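See the structures that follow.
Two complexes, one shared chain (chain A), two partners (chain B, chain C).
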Partner chain A sequence: MDPVKYLKSADLMSWLEELARENKVFAPRYEGDAVIFAPFDPKQEISIKHAATMPPKKTVFPQSEKLVDFTYSKDPENLSRILIEAKEILPKGTTVVFGSRPCDVRGFTMFDRVYLAEKTTDVYYKARRENTSFITLACEKPETTCFCHWVDSSPSDASGSDVLATPIEDGYVLEPFSEKGQKLLTSSLLENGERWILEVKDVHENAAGFLANAPDLSQAPQKLLDVFDNMEFWENAAAKCLSCGACTYLCPSCYCFNITDETTGMKGTRFRSWDNCMSAQFTMEASGHNPRPTKAHRLKNRVGHKFSYYPAIHDGVISCCGCGRCIKSCPVGIDIREIVQEAINHEPAIGKE
Partner chain B sequence: MKDKNHYLPEMATINEVIQETHNIMTFRVTFNDPQVMENFTFQPGQVGQLSSFGTGEATFVINSPPTRKDYLQFSVMRTGEVTSKLHSLSEGDQIGVRAPLGNFFPYEDMKGKDIVFIGGGIGMAPLRPLMLYMLDNRKDYGKITLLYGARSPVDMAFNYELQSWLEREDLETHLTIDAKYEGWQHTVGLIPNVLLDIAPSSENCVAVTCGPPIMIKFTLQALEKLGFKDEQIVTTLEKRMKCGVGICGRCNIGSSYVCMDGPVFTAAQLKELPNEL
Partner chain C sequence: MGNPRSESNKGDQVKFQEELKDNIRKALPELDVVIGWCGSFDPLHATPHFMRREEDIDKLEISPLSVHNLATYLPGLRGKKVGIVVKGCDSRSVVELLQENLINREDITIFGFPCTGVVDQSKIKKALGGHTGNIEFCDMSESVIVIKSEDKAYTLPMAEMLADKCSSCRYPDAVISDYFAGEKIGNKGEEDADYAAVETFENLSVPERFGYWLKEFDRCIRCYACRNACPLCVCRDHCAAESRDPHWLSQENNVRDKLMFQVIHAYHLAGRCTECGECQRACPVDIPVLMFKQKMNKEIRDTFQYEAGVDPEATPPLLSFKMKEENITEKVW
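Our next item is the complex of A and B:
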């Protein structure tokens, strides 16, 4: 790997401008009360004090994206017959995301195991993932809702990222973690940063120090299966849930989608768009039968998928990166940490299964 | 190597439409690209996503057997948007197909065994390709019995071939309807009860069943009474599907995905899954 670089805070906007010449650059900024990732605009301030309200999920997995364009035309040989042509629409161009957080980008590693599986690679995701680089900011002071350290991560985790940027006095130390990352660090605005390495270590350790001890989650996958049929448990957990879906839309590792068609005249497009298992429609069948008829069934799937089913087929990796967004954004204060811990500590009633 | 785009349907033409019942239509389709048609292979039990562009996709079993290579057959029961749109199509119309998807019946493991097929309503569709495949490879299998039931004679699909099935010496066919019907010459009675009357021996036998949930429930009980073990019972599941390739997250039961790990499961495998059918 190339040496570590240093960027003066004063040069940050110029560096992003430089990057924006050849890439689409996204950076966090305020929109109303929320901090979201928006196309970089040198005239607008960026906001990197805390993790953004919305993770940069959409940069690789847009909220709605075109899959296939189709056109109808009349068969010249038989005018009563309609011919249809279907064409794939693959994403183009390179993107750089600045100011993502370790948990945000680790979310994509959860996607990767599903979307880049050998025999069923998702060509749309792959194109975007390969052409998007993440310059991730190490967190200096985790919030009370952060629990990345419960799930094998940390405020300075670089997994999935191309560059890890650690804020130190008056600047950032930039460490490359991939070839893509090295290429981003060639600007003349950057100087050698080796001499700051100890400061970087301090920042990382200091941040980790804010986090309380993590509980042992190794039993979570089995314990969640043990309470699968205990609907009382799940009804309690979901009692206040409004089925609004905020917890999944804001989640960096929620990857479910729907496919829908839209047509105007002789043309149309097949889209995919974010969908989520907290919605009653998600599993509703044509017959009216719904395998997850209540919000308790659906919350069970969200928690179960992340802490039990996903780990069962992906080497034990929990598909929650501990960003805490679902906790912060839930209008009724449902806390996934509590549910998982309650499941772990749940003792089956004596005499019952 | 370029990755395959799993979401891009292959264009196909409807060559034949058969009105099976008042709400079931069968489509025989061929891919427009002769090369694709030539190279297309699948296994009995696998499914396809049919596209009506502008409306959407829905999942159907390929119910022609792999041993008949000139077309793919899908039988579509009208239940909602996409199925209604498909019912408006006729010969010569274009359709998108994503196939084959999913797993298939373990027909290799069934070799040398007796087979009992138990189909209810549109549930006959997934059984058909396996049964025809076995009849095309008749010597590999023992006694083959079919019990096919529908609400009434007019609800019975595949009418045009039932007579030939009844006449075959190497296939024991029982047809049943729920209630008495003028002119009906076969059995009257609910599938699980008729099954108990026929009482196939469970010895070295595999039962393959598909149908509406309530029928499956009582059929499984009947099979148990007849001495069938869970490992000897094979069925197919229906879950709402979108991507068909294990990505969109819609069809999971715990950590199993019906579009990849199914739709075919043994009763033993189903018991291992979390209780969420």
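Our next item is the complex of A and C:
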């Protein structure tokens, strides 16, 4: 069996059509002025030249998903007693995502540590994660806002992906990185790609070469804890923040959710929907007390979680994949790179603790 | 070599920018903060700039990239002495906030300048073939923007890159200010607002209009950037959209609920919105949400002959009560 395959650009749409016969296929395409991962439609052009506006997060972690359908009824034997019948709704079918970027998929490896943990496994996430394959495109040129190299990754990182596709002249070299990936590479449209291996290496090295030296973030977890109680630091960092959820919802590694029962009469559905720590409601307690009452508290949590609290309990892994969407799509241009560096370089005032 | 952007700010622009900086230098000792703009992560973007110390003033940059309406920050800074740099349109938000007693006039110091328009980043992106991720250089004059991206140079006519609100702007000068740097361009408030785009849309059939919104809102991620960027969405942490009791909006991924939020937003802004367009600019997935508010304002204009955010002493029509309205006929039973 040839482990590495080659696909001509001209055959890409036919290959996706083939894959779509047995799987639900998602590929990036223009919706208005935004590039969104949408169900593949051979009649519509796909847009893979640059990273999509939205990562394909929703393919494994939907914006809103049904968890349980439930029905209330009265116990005929005892009318004051309400019975409840609940039916779990597990995701079915296989999905293939084409055109994700290394950072987009690496985000799921950060989800995995939380939702596939031995003690508590999230069955909904697990089902989707196992049934979804990623054919990831290696980046040829990082953007100004890209910083995957800061967080132990690169423009050709295959972690979390099943196939890494590297664009070369007139086609793509497809390397499998999992059993699922190997199974995707059986089409007769694909030919042996071994002879392109050197070109692939060139593309990967060339892309990495665009990225300047990365700062040392090894001190970030401790330094962020050091400024934890320094509200002046966080008020300055958050001064221009609007406290909207664009950064978190566009983030491939933000995994927080809310649970809501939507009930009509005696029937209802329990939904899990995206939630974000920039929202005041996120930590609002039933008593009315909010431990994160201001946007400064909330932004501190977002940065701290990614660069300090998460690494502290997950083998030092930073839960940011460096895609830069939070910078690029922030309505006011907040730059998480600046905040982390300011925390690292922050000198405590002399005379104070 | 300095910032490529500021090098080209020749003539008048440099003159009023220096005058503006002098004004801020004079006022800053009495203020907690002055909000303006400075350069951002690439030469094509600016970002709100909070000036607290004198040296912060040096970074201030006014250009067609000064897109953000900084009035959004004012209600959150109540109780502080705040200076704010405003474009003509931004100043109308300040006026509306004053009209509604949401900020105190004596706490606010307003710095005006003659605004010749700001860019629409979406238009530039389109002109550059859909990609602005690798901008190397950006230089602007009144008539053109020169951009270098991925070793290619683009010379774009400024008039075509301006935000729609700027092409039909009637208030280029701040309508209220304590300091004004540069020569005023001249406001034209007596001219009628331009609602041609709304009228064209109104002429479509109901299924066409509803179909358009269903398609546009399919990609809404409910991040509420539209709401949070709005200078007049002052409920902030207590918005109907996220209230669980009463539960106005479902958490289903449902286009109708997303649309419902926009309707709530537009109704709450009827006769208050100054059409600064921040809702639309902030949207990370480019949904054209400004049109809802323009439609409401068009109705307000036709019914009450009123325009929001022009006169600090005026009472917005929906914040007042009249026994008999001139243009509303009571239902005959």
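Here, the second predicted complex is superposed on the first by the 347 of 353 C-alpha atoms of A that agree within 3 Å, B and C clash if a C-alpha of one lies under 4 Å from a C-alpha of the other, contacts with A are read in each partner's own complex, and residues count from 1 in each chain.
Quick note on the criterion: a contact is a pair of C-beta atoms (placed from the backbone, for glycine too) under 8 Å apart; a residue touches a chain by one contact, two chains touch by 3 or more.
If you're wondering where the values come from, they're calculated on a predicted model, not measured in any experiment.
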| said: So in the superposed three-chain picture, is A:Lys183 touching just chain B, just chain C, both, or none of them (first/second/both/neither)? | reply: neither
| task | Have a look at where A:Arg195 lands relative to chain B and chain C in the superposition and call it first, second, both or neither. | result | neither
| task | Based on the superposed arrangement, let me know which partner A:His289 touches: chain B (first), chain C (second), both, or neither? | result | first
| In the superposed arrangement, does A:Ala117 touch chain B (first), chain C (second), both or neither? | first
| message | One more residue to check, A:Ala239. First (chain B), second (chain C), both or neither? | response | second
| task | Based on the superposed arrangement, let me know which partner A:Lys74 touches: chain B (first), chain C (second), both, or neither? | result | neither
| query | Which partner does A:Ala34 reach: the first (chain B), the second (chain C), both, or neither? | reply | second
| For A:Lys49, is the partner it touches chain B (first), chain C (second), both, or none of the two (neither)? | second
| request: Using the touch definition from the top, say if A:Asn258 reaches chain B (first), chain C (second), both or neither. | output: both
| request: Could you pull out which residues of chain A sit against chain B in one structure and against chain C in the other? | output: 258, 260, 262
| note | The chain C residues in contact with chain A across the complex are 33, 40-42, 45-48, 50, 68, 72-73, 122, 125-126, 130-131, 133-135, 150, 215-216, 218-219, 221-225, 227-229, 236-237, 242, 244, 250-254, 278, 281-282, 284-288
| message | Using the touch definition from the top, list the residues of chain B that touch chain A in their complex. | response | 3-9, 11, 51, 53-57, 79-80, 83, 92-94, 96, 212-213, 238-240, 242-243, 245-250, 252-255, 260, 274-277
| query | In the complex formed with chain B, which residues of chain A make contact? | reply | 67-68, 70, 72, 78, 81-86, 88, 114-115, 117, 120-124, 126, 225, 228-229, 255-263, 268, 270, 272, 275, 277, 282-287, 289, 291-292, 297, 301, 304-305, 308-310, 312-313
| query | Which residues of chain A touch chain C in their complex? | reply | 30-34, 36, 47, 49-51, 53-54, 62-64, 141, 143-145, 236, 239-240, 242-246, 248-250, 258, 260, 262, 269, 271, 273-274, 276, 279-281, 327-329, 331-335
